[in-house]
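Letters A, B and C mark the chains as written, and numbering starts fresh at 1 in each.
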């Protein structure tokens, strides 16, 4: 059900049929500060796509553009073949029901327990008999390994557990696209391993597409099918993790290998060191 | 000098911006209010949080204010030999002014801050954003029920406050100072009109609307940081207090 | 869900408490002697001076409020104040030679109209005018009356002395 949209100066590339989502020439700025310039990203169906880059490159903003919470200033954001900017409120909400998003700290609703948190989308959108709802929720919790924690409150969960519950909630409506915002941040190695396994297995078992925004290079390289590295608001490299490891660009090299100094400098811009030291001693 | 002017100008512009945002926000909330009323469960929960949980502070303060009025009023009237008029003075001042205004200030302090910090925290922990992504309108699900909860709770709290305060007045005046019970109530009945009671309740309703709107607005638009939430909570109390007193003047002038 | 049941009960109690408070306030502390808006009829009266009488002031007989002053106007022909009163229809047997006077309630109180019944067989009907009136007591008139009467007494005392 692909719709051809007449947007000024844009052609619908044939590749869009393979893409569950794509950004074409997107410019975006917040309060006159440019975040993206001419961004082109394609999320291929059925794959785990990693979006990487140094902190502050606007990776979360990218996810918000895909969900339609933010609007691109220039360019098109296409999800399921439709331009997000052209959707009516109802269509936008319908689209969002088919997308699941995992927030950095889980974003569980604090006044509901684990079970109710996972059940939340179902209760809001579907009128299901209670027994069916219960089965679905328990199944999803089982998939993330937390069926036994169904009656705990979010405050009682560790960071890793909270994130897994949030994941269960994200998949409860059987979305076809999952967005992960920094899923590995602040986790211990075991939890990280769990999350990695879940991302990959869910993607394959449920036949969906996943977008993982992260800067944990080592972890994501083990499970991603294709990756993008953003820097300075643009794509500086893309390809499979193996390709990126061999990439010639020093920016990519510094990022992938975690080097302290390189194109992204160690020193914050400052005046001449000796001069500043001498100035101070003379003033004293 | 110019920097001071520039700062004042900037402050004024920011103030107007915020005022406009508040007006726009209030319009949205009011527009969606009827729809949210279709989910009584959510509203009932919020009436509980804003109203039932405020009962203790309202009744305690009501009792003590009543007793203070009794003390001061008796002392004053005793000097001119009209102690029997204590009931009248207390009832009228409580009904028309003290009841609604003090209840509103207490409400802003207890329920208003709770609303603001709750919403601010939801904003800071991405809960509101998560709802948006789950295709649930946070206004409908979270904001409007809280507004309606405060709106329903305030007039009820005002009435309870006044009733308890009157009990406090008579506790001091009749029980303690020995004013004739019959005189106390009959003089009151002679001077107080149903219109006075309605005045007080209308004020309670209006203050409920303003304090609830301010609280949910500050919380919803708070900076998504810890300081942002703290600031939103403080602003709620301060702005609610000022707005309540300004509205009080306007309403009193209109109703007199 | 146990917790929501408890919340429902608590909220219900709270609302009940609030409603009770409202009911208490409306019924127990307000005057219900005069049910405003009930059936009523009009009487008018003209005064030389109404003092501080205001619209809404009570109209009473033997101390019982039987009506309200509806409006106060000025008659440019008779050069008198024109007071219109609304009397509760329950009190429909006021003899038509009763008089209306303006009194002051208490030392600092507002002014009201008191009707003293007469002896006539016929009663007042809607739109009748009360002919027998007594104006409000104005302090300045009292003082000047007192001064004149004092001066008169002095003069009377002085004349017999002069005549001697």
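Heads up, the rule we're going with is that a contact is a pair of C-beta atoms (placed from the backbone, for glycine too) under 8 Å apart; a residue touches a chain by one contact, two chains touch by 3 or more.
For clarity, every value in this text was computed on a predicted model and none was experimentally measured.
Engineer: Taking each chain's centre as the average of its Cα atoms, which chain lies closest to the overall Cα centroid?
Structural biologist: Going by the distance between chain centres and the overall C-alpha centre, it is B.
Engineer: Find the chain most remote from subunit C, comparing centres computed as mean CA coordinates.
Structural biologist: The most distant chain relative to subunit C turns out to be A.
Engineer: Just how far, in Å, is the C-alpha centre of subunit C from the one of subunit A?
Structural biologist: Inter-chain centre distance comes to 78 Å.
Engineer: Which whole number of Å gives the spacing of the CA centres of subunit A and subunit B?
Structural biologist: Whole-Å distance between the two chain centres: 43.
Engineer: Can you compute the centre-to-centre distance for subunit B and subunit C, using the mean CA position of each chain? Integer Å is fine.
Structural biologist: Roughly 37 Å separates the two chain centres.
Engineer: Can you pull out the residues of subunit A that are in contact with at least two other chains?
Structural biologist: Expected reply: no residues.
Engineer: Within the complex, which stretch of subunit C touches subunit B?
Structural biologist: Contacts found on subunit C: 4, 7-8, 10-11, 13-15, 17-19, 21-22, 24-26, 28-32.
Engineer: Mind pulling up the subunit B residues that touch subunit A in the complex?
Structural biologist: Result: residues 121-122, 125-127, 129-130, 132-137, 141 of subunit B touch subunit A.
Engineer: Which bits of subunit B are touching subunit C when the two form their complex?
Structural biologist: By the definition above, subunit B touches subunit C via 41, 44-45, 47-48, 51-52, 55, 91, 95, 152-153, 155-157, 159-160, 162-164, 166, 185, 188-194, 196-197, 200-201.
Engineer: Subunit B touches which residues of subunit A in the complex?
Structural biologist: 67, 69, 93-94, 96-97, 99, 101, 103-105, 107-110, 120-121, 124-125, 166, 169
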